């Protein structure tokens, strides 16, 4: 695994792109979170909005950069035919995928941590003027929301890597992951029965995964915060398994 | 490890097409073996099967008596040039070799050595591979094949894109590598070049070996490698 | 150019994967709408008995309306006028936010009290009225959809409002005055009314609407009973007045039973009219638009279908072959755009043309009563889906040629065309932000689907989630077309200048 990791890291750092995508992640997540926080109100004089969740909502947008990073890590190799050289040099295909996954997780966690920290800091600057206290890392639920959001990003990255390894074509892989993330919540709303809605919500990677960001109104959520993260984890596992199997069995 | 490539009874289908139909031959060390045949004969497919990239439906391919996937540092056993254009355009030539080196536990020093060996020393290697000419890409691919100093080399159309000076240089390189006791398999259409370099000839047609013979005897007996080749292919077509 | 188009079409149709992706886009558009229609049921009951839902009430122009109010009226034959002085307008709102536990005194913004000329007392019949509202001043309204503003402000015993409504042939004119002497015209209406009509005072109060975010995303609307009471005096017409609860539904709320019933209380020359309900267009029931929730789904697939061919050409320098065959690069790209645009249009049109009629008949079979929509509107909606698909495809293709990277093109196209709509529907983004997003981004083109107009004089949850877009349909489509054209122009310029 060490050699695979070393080779994949060299590959990643010698092409510009990963850095820019991570910068995009941080910028978009923080900007959107701060913008939403700046628009928060106290309706009827009651300041009960979940400002932590609102401040971290930028992840719903910033996650596209994570998707792009993951897809480019594998699809670029198929597009240029480089995959043959990679697999000739490192014939243990599952290990190659694991190395890519490990690198991707590391990068996403690092970038995600910065994005989450920037979001909460920025929210802390604008919220007092709107009548809310700034989010504090000492607060248990806030810490949970922050950590959980970083984990969520890592899981989405792994999901995208698995899908891209299975599908190879970058446009199809990107479209599939974006659909999985953004069309699922729409589909939830189409179901007529509230019970069915809750069921589909529990299967949706973004809906369930971002439940970890909620700090108020937890009773109304269909899933507990940490349990919610299990959903994108399951999707990521399934995608990586499918990708790994495809990688192993296919001709390079 | 004994420097050999053994291909035994390979069969492979791509959908309705039978690409390999019982391909069998052995590449021995100490000489350059030319692997020739018409388009679609299965040469590239055979090489990919040897490297474990494509899976054969039947048969085995062994490098030094072992399947490729069991090799711990594969590039140190077999160096292959399959497709010189398989490069990330945004990466420099040096960095392309660098990650390959890292995957075999080798370092930047070896990268520099092999770049000098293939004539890509100096500033060329620090330019983006997307801007390389065909000849430069070919030399980079050769450098990648030589990176692990392997006893076995498999080169698919290595003469493509080289200027006459480059062709002469490569001929010399291949002869030297064979003289060092390595097993060298070269596939090419440029039979005239191979006549000067190859010591052994494997002719493939429609997925199987048609002739597996020493070059000198064949060329002397029938007046030229090209004539012999065409006759072999023609005869196969009549049968 | 024709050979170029033919070449690009051949290029496209001979790759099975690309064709299948377009077909998938059409299928993905159909499935959500059909599933939704098949799974939704509507039932109406009178007490414990289930009955078929009643046909919607139609106004004189054929649109669905709500027509419920308290009417103190008498007959008017030929030309005439009614002048009244309104001295008080009060009301109650039941269980408003934030606590939903009290009945408070107050007027909802569109509570109405005033004078009206109506063709009989049948709900849905033609009328004209000049009235005072709870929060929008004096207004003249007629035939449900028409609304003209007069002077703002409320009413109190110290500052009464005088209202006058005159009929002259088929012309009805409303006037208002602060003192009964100086009159300003509020508005006029031309209605074909019979010779004998009913004229009188009325009061109505629409339900109070609160919108709540649900935990599964989306929002839930809640409408609560309200009532308004208006006091009129100095009524210019004498004689016997009848009191009718127009459009009343059977049964009374607890408030009506124990506190104050709707109706007329006359004390000498003072008329106190208490009423509940609304006289306005209503959007009850699903329309063709509700069979098309799959459009965002299909758009994502269309974006992928448009990026696949252009990404394939840039990979491995295949673009060079194209440009050798046609050195006029702008034309080559324009031909690609034309082909993918037409293909996407066909997919969207086919999907909508199949889903809409099947979906609507499924809804009817499930007990829904669909309000009548003009055929032209339905055609516009269905063809509009095709047009949005075509524009999204052209935009995605242009981005693919600009970026030369498939992932960036797909993400950007989806973010511009689909994401704003998705954010507006299920995200914590506030309503006005999502409205601006749907005005400024290419997602504005989704407005072409809107089949029911939003009426300012009706308080309703007008958000994309319920099918209302901030821009008029064709304006929204023009925004998307503008983006697509701009992206294509930039891409053509870039392709011309760059090395291949």
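Per-chain numbering from 1; labels A, B and C assigned in written order.
Methods note: contacts are C-beta pairs under 8 Å (C-beta built on N, C-alpha and C of every residue); 3 or more make two chains touch, one makes a residue touch a chain.
For clarity, every value in this text was computed on a predicted model and none was experimentally measured.
**Q** What is the touch distance from chain B to chain C, in steps?
**A** The fewest steps needed to get from chain B to chain C is 2.
**Q** Average the C-alpha coordinates of each chain, average all protein C-alpha coordinates together, and give the chain whose average is closest to the overall one.
**A** A
**Q** Which chains, taken as a pair, are joined by the highest number of C-beta contacts?
**A** So the pair of chains linked by the most contacts is A-C.
**Q** With chain centres defined as mean CA positions, report which chain is farthest from chain C.
**A** B
**Q** Could you put a whole-Å number on the gap between the CA centroids of chain B and chain C?
**A** Roughly 69 Å separates the two chain centres.
**Q** So the centre of each chain is just the mean of its C-alpha atoms; given that, what is the distance between chain A and chain C in Å?
**A** That pair's centroid distance is 35 Å.
**Q** So the centre of each chain is just the mean of its C-alpha atoms; given that, what is the distance between chain A and chain B in Å?
**A** The answer is 43 Å.
**Q** Tell me, which residues of chain A touch at least two other chains?
**A** In chain A, the residues touching two or more other chains are 80-81.
**Q** Can you pull out the residues of chain C that are in contact with at least two other chains?
**A** Where chain C meets two or more other chains at a single residue, that happens at 316.
**Q** For chain B, write out the residues touching at least two other chains, lowest number first.
**A** 85
**Q** In their shared complex, at which residues does chain A touch chain B?
**A** On the chain A side, the touching residues are 3-4, 6-11, 14-17, 76, 80-82, 84-85, 87-92, 249, 251-252.
**Q** Could you please specify the touching residues of chain B with respect to chain A in the complex?
**A** So the residues of chain B touching chain A come out as 48, 51-55, 68-69, 71, 73-75, 80, 82-83, 85-92, 95-96, 98-100, 102-105, 144.
**Q** Where on chain A is chain C touching in the complex?
**A** Answer in residue numbers: 36, 39, 43-44, 46, 53-54, 57, 60-61, 64, 67-68, 71-72, 75, 79-81, 169-172, 174-175, 178-179, 182-183, 185-194, 197-198, 201, 207, 217, 220-222.
**Q** Spell out the residues on chain C that touch chain A in their complex, using ranges where they run on.
**A** 17, 21, 32, 35-36, 39-41, 97-98, 215-218, 293, 296-297, 300-301, 303-304, 307-308, 311, 315-316, 405-411, 414-415, 418-419, 422-423, 425-430, 433, 465
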